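Two complexes follow with chain A in common, the first pairing it with chain B and the second with chain C.
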Partner chain A sequence: MKFGLGFRQEKSLATMLFLAVPLSLFAVFFFYPIGYTLYLSFHEWNGISPTMNPVGFKNYLNIAKSPHFRTALLNNGKWFIFYLLFPPGLGLLLALLINKGVKKGGIFETIFFLPNAITLIAVACIWRWLYTPGYGVFNEILRRVGLPGWTQNWLGNPQIATYSVMIAVLWAEVGVFFIIYFAGLRNIPQALIDAAKLDGASSFKIFKYITWPMLAPSTVIVVAFSVIGAIKIFDLIYALTRGGPAYFTSVLAVFMYEVSFNRFQMGQGAAVGVILFLLAAAVIGPYLIYSTRKVEAVRQ
Partner chain B sequence: MKRKVLLLVVLGIFVLSGLPVFAVDTGNVVDIWHYWTAGREAQSINWLMESFRKKYPEISVEDRAIPGSTAELRQQLGVAFMGGNPPELFQVGIGYGLKSYADAGRLMPITDVWTEINGNKMFPEGIAKMIVFDNEAWAVPLNIHTINTVWYNVNIFKKYNLKEPKTWEEFKHVCRVLKEKDVEPIAAAGFWSVYALYPFLITTLGPKGYAALGQGEISFTGEKKVREAFELFKEMWVDNLMENWTGYSWAEAAQPLMKGKAAMYFCMGDWLAALLENEGMEPIKEFDFFLAPGTRNMIIGQVDALALTKGSDAPNLAKTFLEFCASTEGQRAFNRYKGSVAANLKTPSEFYGPIMSKIYHLLHKPETQFMPNLSFLMPPDFYTQFYTEIEKYAVNPTDETLDEVLNELERLRSEAFMEGKWVNWGW
Partner chain C sequence: MKWLRPSLSFEKLTIYLLLIFFALLFLLPTFVAINTAFKPPREIWEVTSFPSQVYLENFKEGLYKIRRGLVNSALLAFPAMLISTFIGSLAAYPLSQFKFRGDTAVYFLLLSGMYIPYQTVLIPLFFIIRRLGLYDTIPGLWLVHTAYGIPFTTLILRNFFATVPSELMEAAALDGCSLIGYYWKILLPVGRSGIAATLILQFRAIWNEFLFALTLTQSAKSMPVTVRLQSFVSMTEVHWGPLMGATLITILPIIVVFLVFKRYFVTGLIGVYK
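Up next is the complex of A and B:
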C-alpha cells in the first residue's frame, strides 16, 4: 500500500493518471480547436491583426447569401452520392473477383492500394497531365482511335469537371475500400459457403444471404469512410481545378480555404468550418449508432 | 542509470534553450521572408542579397522562401506575429495588401527612408500613391510586372501579313483573318480572365473611371459603361478564345502559341516572356508583344515590395537594406533575372533583354501612365469574388449571366461600402 491508499483507490488513481495524458492531448488538439473555431466564427478577423471584432451571426448570414456557398454545398451533395456508391461498389467488386479467383491476394492488394500511397498532389499532377485538353493522354487516345468528336475539356467544362475529378478520386482511393472488403471476405468461414453450396444455393443467393450480411462490419467502416471522404474532400479538387472554372467544382472545404486564406476572412472561414462539422456530425453520428447496433445483432 | 543521465541532459537542453541568455541573438541579422522560391525568381532575390553583402559585409542578411504565394506567406507571418518573432522584412504587394498589415499595426513606417531616397520622384506616381498613405511611407517597391501585354507569334503574323493592332477595330480585323485561316486567335487559361477585362474597362471608363471602379466609387449596375466594357470584352476576347481554354493552366496555354496553333496570348503578364524564352523561342524574332488596344499609353502593372515589421530586432539594419533595394544598384541586381523592370525610374536599361528593354522604353515615354492591377486597389475579399464572377461570365457569356454577374458584383460592392472597406487611393 503506497501513499496510504487502498488497492482499489490505488488502481483507480493509476487509471486516472494513465488517462490524463491522452485526455489532455485530446483536449488540447481536438476540443480546443473546435471550441476556438466556434468562437472565431462569431468574430471578424483578418489573420494578422492582434484583435478580433465580435460580429454575432454576421459571418453565417454572409455565407448564406453567397452563391459560391450554395454551389459548394450542392457539390458536396454530389460527392456524398459518389462516395457512397462508387468507391465502395468498385472496391467490393474487385474484392469479390480477387477473392474468387486468387488464392493469395497480396499482389493485388499491393497493386490496388498503390495509388493510395502516392501523395495526392502527385496524383493531381498525373491526372492534370492526363486531362489537359490539347495534348493530354485521354484526348490523344480518343483522337488516335478515330473518335476526335469525343474529346473533352475534362477539367474546364463546368458540366463535367466535377465528374472528371471524381474519376481521379476513384482511382486514388478505391484501394482502401478494396482492402477493407477483401479482409472482410477472408474472415467469412468457408464452411458456411460450402454448406450453402451443398444445399444448392446459387452464387447470388450465397452473396445475398451469407457474404453481404457477414460483411456488415466492413460495410460500417466503408460507409463511415465514404461519408467522411465526401465531407472533407479538398486536396484533389484544389490541386486539379482550385474549385474552378469560376466556382463550379468547389466544395465546402475549398470554399472555407478560399474565404480564410485568399479573402482573409478568418471568421467567415471558421463559420464554414462549423457548418462542415455540424453536417459531418449530423450524418455520421446517427449512422454510427445505428450500424454499431446492427453489427452487434449480426455477431449475436 | 545511463538512460536517466541522457534523459536529464536532453531535458536540460530543452529548458536552457528557453532562457533568454541562450536564445539565438537575431539583433544583427536582417531576416527576409518571401515566396520567390525557384528559377529566375530565386535567382533575383539571391542576386540582390549577394550584391548587398558585397557592399555591406558587416551586415548579415538571411532569407526564407515560403513555398506558395501571398496566402501562404500571410499564414506564416500571422503565426510569427502572434509568436512575437516576425522577420525584419517581408514581400508584399502594394496598395490594399500593404494597408491591411499597416492597419493591423504590424508595420513600422519607413517615411525616413522614403524621404531620404526621395521616393516620390524615384518611383512612378502611381506606385507612390499605393505606398504612401496615412501620412507615412510603408514599403520599398522592387519591380514592375506589366500585365497589359498581348503576346503574339511573329511567324503567324508575318505569314498572314498582319500588323500589331492599335485599335479594337484593327484587333477585330486581326482575329477575323486568323479565324479564316483556321488559326485560334487567342490562347488563354482559366483563372486569368480578370486581367483580360482591364483594357476593356479602361477603354469604356477611361483611366480615372478604372481607378474609381477599383476604389468602389462606380456602380456595376448603375453605370452603363461598365456593362459596355463587359460586352466589348465578350466581342473581342471571349468570342476569339481558343477551344477549351478553361482547361489549361497559364503555362500550358502557352503551348498552342509556341506551336503556332494560336496567334496571341492576351494580357498575360511579362513573366510569359521568360517561359517562351526557356522553351526556345527567340524574343522579337519569334515572339513579340504589343500593349492591348485602349491601353497604349499606359503600363498596367503589379509590383513586389518589401515592408518592415513592427517589433523587428534590427530595424536600422533593415532600413539600410531597404535603401539599397531602392538604389539603382539594388534594383538592377533584383531585376536582372526577374523578368520585370525596375521600379526606380533612374535605373539604367543596358542589362535588360530585348523584351524587358522594350517595356522599359514604353514605361519611360513621357506620356506613359502607370495604372495598378485592380487587386491593389480593391479589398482582397471583394477582388477574389470579382475575378471569380468575371470567369463565370467568360465561361458562359450570355446576357442572363452578365445580369447575374453585375448584380452580384453590385451587391458585394454595396456590402463592402457599408462596412467601410473601400479606400480612396487618390486617383
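Up next is the complex of A and C:
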C-alpha cells in the first residue's frame, strides 16, 4: 500500500471531502428553508416589513375557514385518486401491448413517451387550444362525428374543468408510467411464461399469477410517483386555468403560490407550505423507509 | 396447408390495432398544434381542415416573441446541467463506493429531497436568492437548479457508479492511485454512460422547469422560455397561430435531444429507482 495515511483514514477523509459541497448545499436549500417556512407559518408578514407578528395558529385557522383552501384540498384528493388509477392503468396497458413482441415497438415507445419529454407549459398551450370553447378543436371534432350535444366549455365549466385538466395530464405524464412498467416486464424471465403456457395457462391467469406479482417492484415505484404527483401538481393547472374558473380547479400548490406571491400573505402561504410538506411526508414516507431499507439490505 | 394460415394471428392483429389506435390518440394534440402553426390567420378557426398553403409567419412571429426566453433558457440549461451533474457526481462517489457512518441517513435525506413539494421551500428560497443579489439573474437559477438537482443527480449517479466492480478500486489502490485520483481517472470515465444520462435528463428538467423560473425572475433579461410562453398563453386575447409556432419552437430542442438520446433518457429514468 502506497498510501501515507491508512486506507481507512484516507477513505473517511475522501468521504468528507466529496460530501462537503453537496451536503452543505442540501442544508442551505432544504433544511434551512423548511425550518424557516415552519417558523413563518406562525407569523404574519407581508414580505416587506422589517418585523413579523407572531400570531400562533391564526394562519392555520384562517386557512381552514377559507373555501378556496377547502376546494383546493378536495381537488388534491381527486388528483390522488386519478393518479393512482389512470396513469398507472394506461401505462401498464400500453406496456403489456408492446411487450407482446410487436415489430416496430420502438416507434410506439417514442410516441407514448414523447409528451413526457416536453415542458408542461407547452402541454398547456396545446391543450388550451384543443379545449377552446365554442369552435375549438374538440368541440368541432364532436360536431363532425355527430355528437353536437357533447360540446363543452371544457375549462370554463366548473363541473368538468378539473377532469379536463386530468385528461391533459394523462396525455403528458403516462409515458413515464409506461416506461417503468415496460422495464419491469422485460425483467420477467420469458422461460417462466413459456412454462405456464405449456401447462395450458390462459393469458389472464399468466397475468394474474406471474406477470402482476413479478411487477411488484415496478408498482411500488409507480405508486410513489402517483401519490407524490397528486400532492405536487402545479405547472399544468397554473398555466391552463390558474385554478379557475373562480378557484374550482385550484390545488394546494396553486393556492400557496397565489396567497404568497400575489397577495403577499407570507405567513398563510408558509402555513400551506407546511401542510403540503406534511401531506407529502404522509403519502411518501412509507416508500422512503421501504426504499432505504432495501438499499441497506443490499449493502450488507 | 401452411400457406393458408394467416401470417398474423388474430391476437397479434388486435394488439396492433389497439396500439395504432392509442398511437393516433397520442399524436393528435401534437398534430393539431403543427397543423394550426402552418395556417394563415383567416384559416385558424377552420380547425378540422389542413392549411391551404405553407404559411411560416406564425413561426416568425412566435420566435420573435420568445427569442430572448430561448437565449435565456440556453444560457441557463447548459451551465446548470454541467454544474449540477458535477456536484451530484461528487456525492455519488462515496455513497456508491464506501461504507461510512451515516451513509444510510445521507441516502434517506437525498431520497426525501426528490419528493419534497417545492412550495414548502419557496418563500425562504425567494428571500435567500434576493439576499445573495441573485434575484432575476440566470446565475441565481444555476444555483437553484444545482441545489435542488442534488437528490436526483446524486442518486442516479450513485446507481450507475455502484455497478463499477469494487475490485477495480483495490487494483487501483495497489497501483498507487489515490482515492481522489480514482474518482477522476477511473470512476468518471467508467461511469460515462451514467453521466451522459444524467446530463441529458438534467438538461430536459432545467429547460422544462417552470416554478422556480416563475418565482425567481421578473424581467425579460433573465426570464426562461417557459415563463415567456406561459405569459403568452395567459393573455385574454390569444393569437393561436403564433402561439402554436412558439410552442413548437420551445419543445423542438427537447424533442431532438430525446430522439437522438432516447436510450439514455430511458435507462436514466429507470436508473434512479434502483
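One rule holds for everything that comes next: the second predicted complex is superposed on the first by the 273 of 300 C-alpha atoms of A that agree within 3 Å, B and C clash if a C-alpha of one lies under 4 Å from a C-alpha of the other, contacts with A are read in each partner's own complex, and residues count from 1 in each chain.
Operating definition for what follows: a residue touches a chain if its C-beta (ideal position, glycine included) is under 8 Å from a C-beta of that chain, and two chains touch if they have at least 3 such contacts.
Given the structure is predicted, the values throughout are model-derived calculations rather than measurements.
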| item | value |
| --- | --- |
| First, second, both or neither for A:261, with chain B first and chain C second | both |
| First, second, both or neither for A:11, with chain B first and chain C second | second |
| Which of chain B and chain C A:232 touches, first, second, both or neither | second |
| Chain B versus chain C as contact partner of A:242, first or second or both or neither | both |
| Touched partner set for A:37, first chain B, second chain C, both or neither | second |
| First (chain B), second (chain C), both or neither touched by A:297 | neither |
| Touched partner set for A:135, first chain B, second chain C, both or neither | both |
| Touched partner set for A:64, first chain B, second chain C, both or neither | neither |
| Partner, of chain C and chain B, that touches more residues belonging to chain A | C |
| Touching partner for A:195 - first (chain B), second (chain C), both, neither | neither |
| Where chain A meets both chain C and chain B, residue numbers | 47, 128, 132, 135, 242, 261 |
| Touching residues on chain A, where the partner in the complex is chain B | 46-50, 62, 65, 67-68, 128, 131-135, 153-158, 241-242, 244-248, 258, 261-265 |
| Chain A-facing residues of chain C, complex | 11-12, 15-16, 18-19, 22-23, 26-27, 29-30, 32-33, 36, 45, 47-48, 87-88, 90-91, 93-94, 98-100, 103-104, 106-113, 115-126, 128, 144, 146-148, 150-151, 154, 173-174, 176, 178-180, 183, 204, 207-211, 214-215, 226, 229-230, 232-234, 238, 240, 243-244, 246-247, 250-251, 254-255, 257-259, 262, 265-266, 269-270, 273 |
| Complex contact set, residues of chain B against chain A | 71-72, 74-75, 77-78, 81, 100-101, 103-106, 190-191, 243-249, 252, 255-256, 261, 380-381, 384-385, 388-389, 391-392, 395-396, 408, 411, 415 |
| Residues on chain A engaged by chain C in the complex (per definition of touch) | 1-3, 7, 10-12, 14-15, 17-19, 21-23, 25-26, 28-30, 32-34, 36-37, 40, 47, 94, 97-98, 100, 102, 107-115, 117-122, 124-130, 132, 135-137, 140-141, 144, 171, 176, 179-180, 183, 221, 224, 228, 231-232, 234-235, 238-239, 242, 252-253, 256-257, 260-261, 266, 269-270, 272-274, 276-277, 279-280, 284, 288, 291-292, 295-296, 299 |
